[in-house]
Amino acid sequence: MNSSMKIYLAGSFIETEKELNVMNPFTGSLVAKTYLAGKKEQEEAILSAELSLLEMKKISSYKRYDALMHIRNRLLERREEFGQTIMLESGKPIRYALSEVDRSIQTFTIAAEEAKRLPVEYLSLDWTAAGDGKEGIVRYFPVGIVAGIAPFNFPLNLAVHKLAPAIAAGCPIILKPSSTTPLSTLLLAEIIAETDLPKGSVSILPMDRITGNLLVTDSRISLLSFTGSPDVGWKMKTDSGKKKVVLELGGNAGVIITNSVDLLPALNKCLVGAFSYSGQVCIHTQRIYVQRELFEDFSKRFAAMVKQLKTGDPALPETEFSSMIDEPNAIRIESWVNEAIGGGAKLICGGMRSGSLYPPTLLTNTNESMKVFSEEVFGPVVTLEPYDEFEEVVDVVNNTKFGLQAGVFTNEIHEMDYAFAHLEVGGVIINDVPTFRVDHMPYGGVKDSGLGREGVKYAMMDMMEPRILVKSKIW
Amino acid sequence: MNSSMKIYLAGSFIETEKELNVMNPFTGSLVAKTYLAGKKEQEEAILSAELSLLEMKKISSYKRYDALMHIRNRLLERREEFGQTIMLESGKPIRYALSEVDRSIQTFTIAAEEAKRLPVEYLSLDWTAAGDGKEGIVRYFPVGIVAGIAPFNFPLNLAVHKLAPAIAAGCPIILKPSSTTPLSTLLLAEIIAETDLPKGSVSILPMDRITGNLLVTDSRISLLSFTGSPDVGWKMKTDSGKKKVVLELGGNAGVIITNSVDLLPALNKCLVGAFSYSGQVCIHTQRIYVQRELFEDFSKRFAAMVKQLKTGDPALPETEFSSMIDEPNAIRIESWVNEAIGGGAKLICGGMRSGSLYPPTLLTNTNESMKVFSEEVFGPVVTLEPYDEFEEVVDVVNNTKFGLQAGVFTNEIHEMDYAFAHLEVGGVIINDVPTFRVDHMPYGGVKDSGLGREGVKYAMMDMMEPRILVKSKIW
Amino acid sequence: MNSSMKIYLAGSFIETEKELNVMNPFTGSLVAKTYLAGKKEQEEAILSAELSLLEMKKISSYKRYDALMHIRNRLLERREEFGQTIMLESGKPIRYALSEVDRSIQTFTIAAEEAKRLPVEYLSLDWTAAGDGKEGIVRYFPVGIVAGIAPFNFPLNLAVHKLAPAIAAGCPIILKPSSTTPLSTLLLAEIIAETDLPKGSVSILPMDRITGNLLVTDSRISLLSFTGSPDVGWKMKTDSGKKKVVLELGGNAGVIITNSVDLLPALNKCLVGAFSYSGQVCIHTQRIYVQRELFEDFSKRFAAMVKQLKTGDPALPETEFSSMIDEPNAIRIESWVNEAIGGGAKLICGGMRSGSLYPPTLLTNTNESMKVFSEEVFGPVVTLEPYDEFEEVVDVVNNTKFGLQAGVFTNEIHEMDYAFAHLEVGGVIINDVPTFRVDHMPYGGVKDSGLGREGVKYAMMDMMEPRILVKSKIW
Amino acid sequence: MNSSMKIYLAGSFIETEKELNVMNPFTGSLVAKTYLAGKKEQEEAILSAELSLLEMKKISSYKRYDALMHIRNRLLERREEFGQTIMLESGKPIRYALSEVDRSIQTFTIAAEEAKRLPVEYLSLDWTAAGDGKEGIVRYFPVGIVAGIAPFNFPLNLAVHKLAPAIAAGCPIILKPSSTTPLSTLLLAEIIAETDLPKGSVSILPMDRITGNLLVTDSRISLLSFTGSPDVGWKMKTDSGKKKVVLELGGNAGVIITNSVDLLPALNKCLVGAFSYSGQVCIHTQRIYVQRELFEDFSKRFAAMVKQLKTGDPALPETEFSSMIDEPNAIRIESWVNEAIGGGAKLICGGMRSGSLYPPTLLTNTNESMKVFSEEVFGPVVTLEPYDEFEEVVDVVNNTKFGLQAGVFTNEIHEMDYAFAHLEVGGVIINDVPTFRVDHMPYGGVKDSGLGREGVKYAMMDMMEPRILVKSKIW
């Protein structure tokens, strides 16, 4: 890692007047210096993107494939370097940082393949005499310039979930990474710059929030794709003018453990779902419901496992748990846990903050009046509650403003079917935690958790606009 | 037709305190009295819709099919009565009014069939080791309550394009018809009431604009589907909060006539595309571009045909052209034509208003500074211009803020392909006018012409939310 | 029912020199007289079919839809008459005969809808530089003349499964009904003759086997679709020359009852699956395997239910069970049961033949050396055996040369998944008998049970031939 | 290239008692020695394939992908070596041999991607009350052991079109390459052996015809996929027993050159389509029809271009044309040309055989009584004829027993549509020769040209068997 990284403006690596220091959340030391784009650089990025629109649209399938596979192959070659960068800028344990790189490699692979498979739909139009002798062909064209705004928690892969589909769909994109963790995407820019993609087609520009918000209102942007917190996201929808908006926001995902399964695999998966990257994950396993007969057993064993999580320096391969992204977030978690305890919740384990490190924490006796239950914790806190009837616990899981994903551990067909039909979420995960995600599945929330879906092909669909050709048909 | 029609609130036909008189645009006499729903009735409709959500979701395919086919069959039986009602409330010539009923019959037929074909997608999830042994099933669930706001110009079928997909998708719907032309949808309510659909699932409520706008902001509505004017539509998007929005707005559709085709079929189609229902059609053929060698010939023959259009009482079967919806609109058209002539345009024929009747009018020598060129005329005015090069005229057709549909008369493969790739619209119609639409094709605009698509299956997609089930797979 | 019915040759109802008497299997009395087509009539049917090929191909979607919906609507009007005819010619209890008519109504409905939805596939061809600038459109064209050979057991609906897809796909068809039960399809011919379909497009001709076999070898026939017995079917494949062949043959379907379900619904479904139409059903529930703890209970209750089946005159609405199609078949069943008992099988109930009536019969202690186990019984005999391990019983169900459908009563996800992955059949039916079929699902067997699938859309696919158009594409 | 290559039996490279010498068709010298498999080796291959069935079925998507991409990557690395081998064993000019390797690289890439995209179809089953509460999932399972028989003319890629889909679909495969050109597939075996695929899943065994034919009749083989000559293929269908059969046979492809296009690109493409690899290509451009006004011009220019084809040693990069596979074939061509001339055909150029080299030859004044017109030439002979009306020439192109592909050079939409609707072939190629093929498009013939389609995904469909799971559904 260089101690200084330039930002990526339409094919050029530049410096600006406004420096940005990226700090290691665990050590507090400087990782690298980079720059914030201002209004001027943003304007240049938009103009360059506009100039690239036609060229981007015209790229043949195999050239889109080649460009995306080049990026994929180079990421694979530089995997270790990307993992280190993610770890350093985000404090994410290196084992998870490397997993994130692997997922980005996969995200680019999928995008490369989907670039050859843009949907085209054919329609007989002669369903009435009015359309006799006519047929329709529906092709999807790039929607225009995409603005992507990415969060800190998966600094590489959640940006890649905007970049890769945009390239595959033929849309120029201006990506704003989180100012806290911009380095891994700027590293990615080096690889993107090696391809033959039009220069204006990709810009990666850290910006302050005010500058970033200009992308939300700018009428030359056709699609805003935002991943981040609900309040910010929904406000953007209101401000977005005529553009399309995709929002990937948060949740407080619940998981249900029924009597019909073995506890051990469920415990293992819950441990990772709840505490990987300190719970700073949109589909963090925040609420665990265990059928009453198993509750005590689950609770004890889970607490024991939680206490054995290897906490410490994210650079070490054995580390499973480390600090949060910054101290204010750790303080926020502390206050939410205290609020819950004050309201009658019982602390099973965890709960003592030390700087930006908040330990893995289990609470029980919680209720919907507490923030740890009804808001998005986005931290290493989990509520653990017993339940009696399956239909009831489905209602409890639904009883929140969010609806991202939910997990159900069961071996009963009827419970699986019921959960699928009635859990108000974007994804129902059977025999795994709600934290489960692979990069080609449709991913996104209902209710306050978002609008639209990501997962390469699904993101691409939002980046394209259907156009029907109506023409003659000869039988 | 009764002289008084009640409005349809969640299964009941009711009167309110606020009467609404529906007038015949051609005769100026009263067609029938009906009522405006107020805040109270709207609230009741929303509460009833909420109560029907679960029941609506649970209806089996064959019952959805049966309900929609019942409506279809009864519309067919009462075809004449519906045609008369449309004609009386809208002033649309009876021949076109009956065509509209036929299209609604077809729209319900399609919805019935699509209700059995809700999309479900299957995904192998084992594309990496992280998803080994897992598969995904993506099902689409009703999004929630739909608010539909329909315009006056196709009082029946554009409302049916919201009602039929909502029933097929399993969404309760509150429909606000145009206050000018609410009668045909209220007649439809009689048929809907004959079905077994949950009572709260359909309400058809004329409202004033202020009351109607409460639907836009109400957070219990999950989807707003609006067909109407661009300014109103885009404002609604800003006001819509967290709900999904579909906008079917206007345009100023262009058609290109190349040398490679016979003029006669093109002339005949342009005549209907330009002047049916006095051009009060979203995809009204507003701008005609003819390759220069044919321009004079086309122009003369078209003017001659326009002059022979049978104008008069919409109730007569021979009538092809009649008055506009009201005098203010005719006055607006008059002023736009005068503005164009003042700016150098040449009147080929037409141009003398008489009350709410504005005659079919052709202009040439127009340019983009004139409203008749660059705004949506929504009246019986057409601009006629020559062109030289195909690529150039495609640019001219694109050179407007709208992008709904465009027509191209050509027998050349290359021109067809080029038009499809480069006309910035929702639909490119080869060898027909942009006014072409059948009810199962995706229909909607780009740029300022709208957001999203209608055309039963496409409307249904917006009314549903994907949910993935992730489960184990055994090979 | 008239006492004499003509046969249907390319739009005309004709008599031939060879009379055919259709007898009531229950009463033994004459139902009606009809005729056998000879070589001459067959030749005429083929020539007329050839002449109609082009016209059939050119029919617009809406006209195909209209023709098929006309047939559907008229079947609905004449439902009772068709039910009676099926009952009289086949001895099928009237309740099941009417169900068969309902299914045929549904089969035509599906075909009408699918006629509008012929698949067309679009392909980007620019996956390498060799295809740069090219796209492909794959349309499906009628394969040519279809010969359909139908069995006696569902005299109407199994013929309709050939007729309706052929009309929807645009293929002329020559249908040979069973000589035992030709009347209901000849009645259907009256309705088909009311449509605007080309005269040569449908012929319904009873024939003797030698004449019928000429269809198998005739090179002007493009597809042979046969439903009947395995030996006859596989021989036809060998004799079929260059034509395509679809074979819907028999089986000895097994069902597995696990501990995880309630017995009552399973018992009820098994009763119908095993004994409706005296087991003369391709997916007759022939082998029942019950998990050992439940075996005794199941066995007793099932025997009790079997004894209470209402046996007698098929014309009576309460009759559940009646005679077989003819005495030779009943004698065959008798000998197979005796062979089993001689080999050590134990008779639980049934087993005394009376003319063509063989009573509902349960056997246990059977093994694969017995015909009742390993051959297709096609009669009212069921074997009932206990099992211990799920994986083992799946192997037992598989341990036969047939593979049509299998049923599994279970509430366990793992068993459902395992059964789907490992039962070697065309259909795995969870919580229902293998006898379950609806008319739009893909239906057909593996191993000796057949080749290809029926179920309207699937039958249509075999009746069509893909053709790709490779053309230029402009981005 | 080693002077001796072993054959590939279920993971082992072996020698047999029967040596096979592979000769260079141009030089007549020995390329390498290899072996013929006998009955014993074939039996071993079948037994090993059977043992691998379950393991093959169970391989996860990503492992199938990895295996296929490994083969692809290694082919890319060894591209030159494979090109040389093809050139040496087949006499194909090196430029075309290298293209063939590139296509095989692409064929494996496609198969890798399709292995992750096996089709699964979902069906609502509640279209009538009989299916209420039920849904269906149709998954495709490997059909069993595939026997592939490949021809000499694309020794690598036409074998790869059987191997790659079989691996992707999960079917063990026994491949018989042509005894004339087995070396490039045996070289490929070295790469396949590097993967983790089950040992028994692939065998590549040269055999004499008698031994090879045992694969046709063996009942343990589930699918026979044959590419070769029509007579041999259709005979195999008759002998195939219960197995599925795919036949990719020959043709005498026609191309139509209309007035609406520039001649130069048409001439260039026809030159390659007609004479690459001496016309020993299934979709060899055998018959050229030129609209009368252009005929003289086309004819002269084409003859001039033909005369300038660089003929000679296939090892030289500049060589465009070389000898046929063997002298008997050249003698056959000589006699067919003489027969045509004797019947009145006129020789435009070519026509003097020299050993196994037959020069590029143009004939005109041909008719359907001549073999060069109505049979498959499979050599460097082309007929050139004028035509007047488009509809007529379509009939002429159709007037043959074959129907593989056809080309049409036109810029008229109507001609394109008419050709697509009425040319009786598997592929209609607009503005290119019938010889056009990319490896993911459906490829195969109608009439005597074959049965079924290849083109990775299409080949995979034939290698899989649908199975429906019917289960409960909760709304």
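Letters A, B, C and D mark the chains in the order given here, with residues in each chain numbered from 1 onward.
By our rule, a contact is a pair of C-beta atoms (placed from the backbone, for glycine too) under 8 Å apart; a residue touches a chain by one contact, two chains touch by 3 or more.
Just so it is clear, the model here is predicted, and its values are computed rather than measured.
**Q** When the contact pairs of B-D are compared by residue number, which of A-D, A-C or A-B has over half in common?
**A** Selected from A-D, A-C or A-B as the counterpart of B-D: A-C.
**Q** Considering only mean CA positions as chain centres, point out the chain farthest from chain D.
**A** B
**Q** Once you find the CA centre of chain B and the CA centre of chain C, what distance in Å lies between them?
**A** 45
**Q** Quick one: chain C and chain D, Cα centre-to-centre, how many Å?
**A** 37
**Q** Between chain A and chain C, what is the separation of their C-alpha centroids in Å?
**A** Chain A and chain C have C-alpha centres separated by 50 Å.
**Q** Quick one: which residues in chain B touch 2 or more of the other chains?
**A** Expected reply: 127-128, 137, 413-414, 416, 420, 430, 471-472, 475.
**Q** Along chain C, where are the residues that touch chain B in the complex?
**A** For chain C paired with chain B, touching residues are 113, 413-414, 417-418, 420-422, 471-475.
**Q** Residue numbers of chain B touching chain A in their complex, please.
**A** 102-103, 106, 110, 123, 125, 127-128, 130-131, 134, 136-139, 234, 237-238, 241-242, 244, 416, 420, 423, 425-432, 436, 438, 440-442, 446, 448, 451, 453, 458, 465-472
**Q** Going by the contact rule at the top, pick out the chain D residues touching chain B in the complex.
**A** Listed in rising order, the residues of chain D that touch chain B are 57-62, 65, 116-118, 120-122, 124, 126-129, 132-133, 135, 137, 410-414, 416, 430, 475.
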